[in-house]
């Protein structure tokens, strides 16, 4: 039987891919910010399943928390709807 | 050839260096063809090919303005050339 | 081809998918922020490639005498005492590299966003066709 | 505590980084910033001459003996940590880099000097010298990214909207090109498990005997595209010349030196890794020719003086690429020599334009003119600079271009020497056009409104221009004290 964490790995792979595609299709930029955060988180978990926990933590902090934060500030300062 | 440049001048283009640039473009194409064919095929074919290239280029002489239009600063033209560069490099190195 | 052995190729595929989506966003999306997201996706995908490369024992430094008798992948001599750990250990070098690479891509991303805000204040539009229109002002 | 434990090659990178960080923090207080800036510039100038040639292993453990005297040389010696090689040619590169960095900093010293501006120049010095010395591809990648950021920041320092547009384009391309280099490194790491260039060199030579694996070709293509971006070759020459023309001219002089040295340093790394691929040299040659010709062609058509110089700088980088592409030992030595000479010669022109910009506040050549008698020695030095760039005999570029042309014809490409000669002629035409519009044309509006006594511009520019002309002449008249070092360096490559 496949070990549990590898099964989770497959789920994170799909969330990462679909998250990024959905983020780019969105017209409302705030939604795409959240989806990018989700995608960063999925990649962070993927690193964890690939036996690189330290990188997973960094990616979680930077990719899932800091980047969406900065990005949200930018969207706040500019416009929400992408024309 | 002169009147082509003259009507370009009427359009207010700055053609001060255009003659040298054009001469350079002609030389690049003819010598490039010569070098390319000389390396990969017989020398005689190379000479014939370079003459044909020379004639073609002479007919479309004010090349510079077309080339400089290509060199516009817009983002998309740069990205297109970037994508072209990656493809060309992989193919030329024999990846495919 | 059980699911377990399929895990690493699938990771490579997702990384490739991320890079392709990122490249598509940079080249074809008109909104400047979408292009910046594209660059982030590309660097995420490349980091993923680096890490999945070190996942199982594909990468190993082969000492000369092992190379003679055709050894392709090897367990480190130092790990002989812990066979089950050695069997599962990932190659440590890529994870060290990805740490710096993530930090660098975040710093580039932050600068790009700052400039994007500045450009928006001047052009009050985020679309590249407006900002980079070939205009000789 | 004897000296050679302190002045170690790594200090050449560490000190500018520390200086950059301190200057960043001192941004507010001007007097302190000026003091720290002067100190750091002086130390950066002196450092290359103090540190003696050495191979520096980070973490101090030299090559690990995998097996003593093993017949199969596969990885018998293994560099565990990052290795910096600091030989005569690296000293030459970094010394010239330091001179131009000090020029970029000291010229605008009369007006208010912002800490961040000097910090970015120090960052540029640190990253370029790291790329020149490093023997570890990931270390090179990290410092290439830092180089991209510092150059973008130097473009932003101008503050105009055009500068922001160029900076964002440059950063986006830098991000993609950097990621493509990292992808190439990832593929190499997955296949060979090594990062050190000399180890990879040995590992790949063994691997190639059994035919070239596709992974190696894709890795070479990716790193090659990254190299194209860093050195401003064909598809990226537009963005690169845009960056030069939007930055301050004295900074642009510093940047074009960085690009040429990074071009040579990266080419050495790529050659040592991928010389096995048959069409590698032909590709470098093709890219060099295209960027040389397009560079000069666009230079001839420009109406802005800074853009004209930017395209000439890109064309000379293309000429260096052609020399490297030819691949014979003589051609490679000549092109590295030309990279050194041309960095110096182009700097003179950029500095002369910085004086013109200081007076006329406009870049457009149609609105300039009549500055011949108003700016002291600058026109004369600018004329010398033009002769230097296009390779007139007494100057150093003549020595190197002459050697490239002879190397091209002896290597069996006579067409190339014809093209190179025409390029240097076209460069002269373009620069003469620039010289005429700035100095010889009749006066413009800005002259009449304020009666220009010898215009007050920072005398620093003149000092540096005289210094650069003197160096150019010195190398030009006595090339034998620079050329043999380059020949030894090319021999040690052992790959050509």
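To keep things simple, chains are lettered A, B, C and D as they appear, and every chain counts its residues starting from 1.
Note that a contact is a pair of C-beta atoms (placed from the backbone, for glycine too) under 8 Å apart; a residue touches a chain by one contact, two chains touch by 3 or more.
Remember, it's a predicted structure, so these values are computed and weren't measured experimentally.
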item: Closest chain to global C-alpha mean, per-chain Cα centroids; value: D
item: Pair with more cross-chain C-beta pairs in contact, given B-C and A-C; value: A-C
item: For chain B paired with chain C, centre-to-centre distance based on mean C-alpha positions, whole Å; value: 38
item: Distance from the mean Cα position of chain C to that of chain A, given in whole angstrom; value: 14
item: Centroid distance [mean C-alpha coordinates] between chain D and chain C, Å; value: 28
item: Distance between the centres, which are taken as Cα means, of chain B and chain A, whole angstrom; value: 46
item: Where chain C touches two or more other chains, by residue; value: 26, 54, 94, 116, 132
item: Residues of chain B engaged with two or more neighbouring chains; value: 73, 75
item: Chain contact graph, described as a line, ring, star, complete graph or other shape; value: other
item: Chains grouped in pairs wherever the two touch, ordered by label; value: A-C, B-C, B-D, C-D
item: Interfacial residue positions of chain C with respect to chain D in the complex; value: 19, 23, 26, 32, 35-36, 39, 42-43, 45-46, 49-50, 53-54, 58-65, 67-68, 91, 93-94, 97, 100-101, 104-105, 107-108, 111-112, 115-116, 118-119, 122, 131-132
item: Chain C residues within the chain B interface of the complex; value: 26-27, 128, 132-134
item: Partner chain D, residues of chain B touching it in the complex; value: 14, 16-18, 20-21, 23-25, 27-28, 31-32, 34-35, 64, 67-68, 71, 73, 75, 78, 81-82, 84-86, 89-90, 92-95
item: Residue ranges of chain C touching chain A (in the complex, touch as defined); value: 2-4, 7, 10-11, 14, 17-18, 21-22, 24-25, 29, 31, 33-34, 37-38, 40-41, 44, 47-48, 51-52, 54-55, 88-90, 94-95, 98-99, 102-103, 106, 109-110, 113, 116-117, 120, 124-127
item: Complex contact set, residues of chain D against chain B; value: 169, 173, 176, 180, 212, 214, 217-218, 220-221, 224-225, 228, 234-236, 238-239, 242, 277-280, 282-283, 286, 289, 293-294, 296-301, 303, 413, 415-416, 418-419, 422-423, 425-426, 429-430, 433
